[in-house]
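Inspection log for the structure reproduced underneath, given as structure tokens.
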Amino acid sequence: SKPSGGGGGSVATGGTIKIGQTMPFSGPASAYGMIGKADAAYFKMINDKGGVNGRKIELVALDDGYSPPKTVEATRKLVESENVLIDFGSVGTASNTAVQGYLNDKKVPQLFVATGGDKWADPAHPWTLGWQPSYSVESKIYAKYLLQTKPDAKMCVLFQNDDFGKDMLSGLKQGFGDQFDKRVIKTASYEVTDPTVDSQIVTLQAAGCDALLTAATPKFAAQSIRKVFDIGWKPLHFVANVGAAITTVLKPAGLDKSVGLITGLYLKDPSEPAMASDPGIVAYQAFMKQYMPGTDPNDTNAVYGYGQSMTLIQVFTQCGDDLSRDNVMKQAKNLSNFELPVALPGIKINTSATDLRPFSQVQLAKFNGTSFERFGSALSAD
Amino acid sequence: MAELRETPLLRFAGVSVRFGSIVALADISFEVRRGEILGLIGPNGAGKTTVFNCLSRLCAVHQGEIEIEGRSLLALSRHEVSGHGIARTFQHVALFDTMSVLDNVLSGTHTRRRAGFLTDALRLPAVRRSEHAARAKARDLLAQLGLSELEDVAVADLPFAVKKRVELARALASDPKLLLLDEPAGGLNHEEVEQLGDLTRQVRERFAVSIIIVEHHLNFVMRISDRVVALDFGKVLAEGTPAEMQAHPEVIRAYLGEPS
Amino acid sequence: MRGAAGRSARARLVLTALVATAALVAPFLLGDYQVYQLSVIVVYIVAVLGFDLLTGFTGQVSLGQGAFFALGAYTGVIALTKLHVPYAATPVLAGAVCFVVGTLFGRTVARLEGLYLALATFALAIATPQILKLDALDAWTGGSQGINFGKPASPLPTLLNDDRSLYFLCLAFAFLLYTGAWNLLRGPTGRALVALRDQPVAAATVGIDVAAYRSTAFGVSALYTGVAGALGALVAGFISPDSYTLFLSIQILVGGVIGGITAIGGAIFGGAFIEIVPDLVSKISDAAPWALYGLLLIVCIMVMPGGVAGLARSILHAAEKSRKARPR
Amino acid sequence: MQALLHQIFSGLANGAIYASVALALVMIFKATHEVNFAQGELAMFSTFVASSLINAGWPYWGAFVATLAFSFVVGVVIERVVMRPLQGAPALNTVVVFIGLLVLFNGLASWIFGHTMREFPSPFPPAAWYGSSYLSPHEVGMIGVTLVVLTIVFLFFRFTRLGLAMRAAAENPHSSRLVGINVGWMLALGWGLAGALGAVAGMMAAPIVYLEPNMMSGVILYGFAAALLGGIDNPWGAPLGGFLVGVLENVAGAYLVGSHLKLALALALIIGVLLFKPSGLFGKTTVVRV
Amino acid sequence: MTDVTPATAPLLELREVDASYGATQVLRKVSFTVADGGMVALLGANGAGKTTTLRAICNTFVRTTGEIHFAGARIDRLPTERIAAAGIGHVPDGRGTFKGLTVRENLRLGAYLRRDTRETASDVEKMCAHFPILQKRMEQQAGTLSGGEQQMLAIARALMGRPRLLLLDEPSFGLAPVIVQEIFRILRQINRDERTSILLVEQNVRLALDLVDHVVLLETGRVVASGLPSVITADEAVRRAYLGA
């Protein structure tokens, strides 16, 4: 259909920049609602400090319950009746996919979507940009690592039966290349409505793998880690970054049961003892104390929102006084070696007209019973 | 034609019904002739309602055969029975509670019409016409049974005795050949029972139906029946004219009791 | 008696005229986004109608309407994108497919009653997203990614923009289906459905083929829901398995009951409730919108046990009574 | 072979969760003839309360008992405040109210306790002798608890005067009053006991599935299916249904269709069974004579 | 105390009782008494309000105003179960059995308020002696019984409670003549042996008049006559309606 609306024009007026987002404050993915809450708190802090280039940020966050039709509706509301400048940091692969066409048609920047799908770096949708390392990049790195360290290993995969899980699988395909069928001998999926993944773990163990990738959200990652240990299986266990936070995943699973896990990190984990004196984390802790009292600062979703919002502020800062959608998009694709204080050392944000992935590096780390020990250097997928 | 008159309207031949270990009917045989009123009596639990339920195909028949006008009834499924001219009332009334009196009676015309989802949704002229005719017929029935006043009343609010009469109207709406009445006089006082007797006879004449009546109200049964069949423990105990039955020692023992 | 009936018929006529006028005029007074919302409401109205036919009038409790909604949506979109059927015709195709599937399903579960039927339909709703994600169907369904096909363009761009043209498409289907349901329910078929709901045994003895009516009612309900699904997909421009979770089925049920399941006029309120109320509560309470929504549901049921339609009916009754009571 | 055993045992462990939920459903069904869709959320909420007490320093069993009492009271209050005014309303209204309660408690829990997943302690020592690689000590303990509760519930309904009165009150409130049963109290008691049973289910499940507001949303689906499969009016049939569903879905997922269809297959099998036994495997067929 | 107090205070007394279903008033200023150990028949045409009177006494289904006294205490504001506990048993119209429960469980429920387990057990046996068919159907679901069997069960259940006052709403409904005779024999017996008082609604007026010592006649919700059975039968119109001349 034809593009409609006045795409590209300046929307920001007066002293505020109005931005919008859709969030699963309710429904099955409501844990990610924390990202939205952290975003809001972060902008409040920025506004308290005088805003960006003298402008305040106004964030309109609408609940979509993780349901794509609802996202479509909420996004239209944001664009057509709230007149937001951009759609920022909305959560959910299906949800963001549902509005990608619409936002691109309308030429409304869809910035830093909070999901690691591959499709956010798609030149066909120039108004869309992801943020975190894509799931496939992450798993591609796991595959490469495995090929280097244990070239004969057989791998099993536990994945969530949705875009996230499937993207992780496709990353493995890319990483293993023609070896894929020989290396990945068994996969098992789960649904978010499954009470446990015990049965899947048992199935995978029976296949005789010596490596396992758990591509799961926190609850199921914790179950996976525990069950693997309980049945006495000792694979080289990769756990997707999404489900590898220390306080919210490894601790419930049992720290002793988590020893040896490998994951790919890009953000700092505030619960790590070593991070107590890290300046980035110190600032983050202060922010949490003042602007999100009563919230667990170790919730990695809060770190995520904090870093994501900080990235957006960088974009607005670069925009100067030209707050047209065109310029916002231009600046968003013009981040060079931006170092996020909550990102791990060596991991930088870079975008350009052709590089549509803000984060494209991942740092491998192994859990030693108390914290993740990073090894090697930050890796990128290529 | 002459041949047809000879075949009985209904024939039970060696019918047995069991519920688990309970034998509700054991090898029952009897006939109903055209135009007659047959009284069916027997102690509680003798199997009278079960006889009706066999005819409505509501319970499985383990043995035997039931024939309606010489054709097997057991080959039919529940909803086909009324198409073969059998209509009934229930011992404890089973009306469609959320409907009005008129709608209940209209439902009785169901077998005699063709209704389809599509034709109804389009409300084709044929549907309109047939609906119109059905209404006229239902109203006529209500008038004959003295229920015209209550046409629009929801049946749930009616007294028991009136409900029974609505059920009768619903049964008649299907143009039955055989009418099954299960304890129609229940809860009526003396005067009302007399009236019901007259009504039943009128119905037989006017609608040219045969009737089986199950009733414990003896005077009533004896007054209006042409013949009486007595059941006990699922068996036919005796069969004959009302007068014969009242004098039958077995019937007296099992059913009537000693006059006190 | 006749006077009262005439009055209430007149009241209904006036009401219908008002609703119809509003439905026709509103899109020209509202912005695109609101028109879009209006379309979604109309879609839900159709879905709730389907629910009312099945559960309200036939007494078969369905917790699985979302499955037929999804089937309709996928049928429509596959027809549109793969078979290049004109978009306005996709709901027809969806309705047909859903009718067949619904009837077959209805026939299979015709023996089940009450809770057990609820479970069977519930199972359907739960299994739907999983089946849509099956790898084997990827080529057709787009797997867990779904299909992003963009909103179909208006055939008369000078008269109606895309949103309005879609709205009128939805409205046209809703009008047809509503009228169909209205006719159906006041004719012999409707009576048979209510009869078998009220008293299935007696219904069989008056000649109603209970199993056949039940399964056909299932099919018709699925048809309505499927058309709604196809329209909903067109309006959203996107389908994916996550759009059709159990929650959708529950919402259709809630809309049905809140509107009043035994009066098809209630579907209008039910459809609006599904669309508007969740937004409303999240406006009122940031902290716990869903707690508020739950509370609201409970209160609604307590205040209006017969749904909005029941409430309207009892208000009419009361008015009628007070008119009668007034001395001349 | 060993893998099969693993599947069966882990199915039993999951089954115990479903069974304990099914028991709570049986309780409320016998007492009110309704199926409470909100049962899972109530259990989740109770478990959060227990977790908060434990975090506040209460000993496990102290918190356990206090939570049972709390849940009992919540059940009674819901019956008095929400269900009582609904008496005699159409069944679907009750269903919507249950959905309302479900959403309400889920919303409240998210609001009060947050979304971060929490661990919940097990009362069974992690290294107890009865643990193995097939079943952890907690899983063994949970199965044991479920069996004990099942026995109590069975005996209660079968042999006690109160149990009989509760069934009567659900079946025919008017006649119950005529024979002297305080029907209001029976309904409230049923809700209270179901609340307490739900709390047990929640506290037993939480160490396995972890505590968060959506903890029970998947479990209740299975619990519902299990209860109907086994026979929702049967205090041992329904939990047995739970174990059956647990094992069935594991074995089917591992050997028949693969994990992505295991729920669908399990449900299809359950419906298949119901088509032949419309009131569940061990349920009582209530013959309705007209 | 005024001098109108009869020698023995009545067991049950209704004083100007009105009763209505929602907006429809059915009973108007109904007053009558049942003496302790007395047997009273409540007669009237279809819809006269007999069932409603019994319901008013037990405070089920209807809303009442006016006073009802039982055994010296006011009961009209008590909930149904407390009225039952005070000693009133009720065989409702339409039977009201627990259809999903077994016959035995139905009987056990009849004795719900009693604590004397052993005597309860012997009463179950007594009921089986009265109604042998119940013995055969003991473990069967009450809902599968025939109409008359359910009626017997309802009566047996009420008897199991050993009430001081038994309200019977058309006990002969749907019963074979032999059983009807048995029931009236039982009523006479418990009245004699246990001084159980009886308030009886019955269409089989001949039998009823034979049993009772007092009759109350209702017409459209009002008491139009009351007195000895002979007084009632003396009235020509009443005779015609109820006894058929």
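A, B, C, D and E label the chains in the order they appear, each numbered from 1.
One rule holds for everything that comes next: contacts are C-beta pairs under 8 Å (C-beta built on N, C-alpha and C of every residue); 3 or more make two chains touch, one makes a residue touch a chain.
What you are looking at is a predicted structure, and each value in this text was computed from that prediction instead of being measured.
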Touching both chain B and chain C we find D
State the chain with the largest centre-to-centre distance from chain C, centres being mean CA positions.
E
Counting C-beta pairs in contact for D-E and for A-D, the higher total belongs to A-D
Return the distance between the CA-based centres of chain B and chain E, expressed in whole Å.
31
Mind checking the centre-to-centre distance between chain B and chain D? Centres are C-alpha means, answer in whole Å.
47
How many angstrom lie between the centres of chain A and chain B, each centre taken as the mean Cα position?
73
If a residue has to touch 2 or more other chains to count, which residues of chain E qualify?
144
Where chain A touches two or more other chains simultaneously, the residues are 26, 28, 161, 191, 193
Residue ranges of chain B touching at least 2 other chains are 58, 90, 92, 94
Using the contact rule from the top, write out all pairs of chains that touch.
A-C, A-D, B-C, B-D, B-E, C-D, D-E
In their complex, what parts of chain B are in touch with chain C?
56-58, 77-83, 87-88, 90, 94-99, 103, 106-108, 110-111, 113, 115-117, 120-123, 127, 130-131, 134, 152, 170, 174
Please give the residue numbers of chain A that touch chain D in the complex, ascending.
26, 28, 30-31, 33-34, 161, 188-196, 198-200, 202-203, 205-206, 218-219, 222-223, 227, 230-232, 248-249, 251-252, 295-296, 299
What residues of chain C sit close enough to touch chain D in their complex?
55, 61, 108-109, 111-116, 119-120, 122-123, 126-127, 130-131, 133-134, 199, 201-202, 250, 253-254, 256-258, 261, 287-298, 301-302, 305
Applying the document's contact rule, which stretches of chain B touch chain E when the two form their complex?
19, 22, 42-45, 48-49, 91-92, 159-161, 183, 186-192, 194, 216, 218, 254-258, 260
Could you list, by residue number, the parts of chain D that touch chain B in their complex?
290
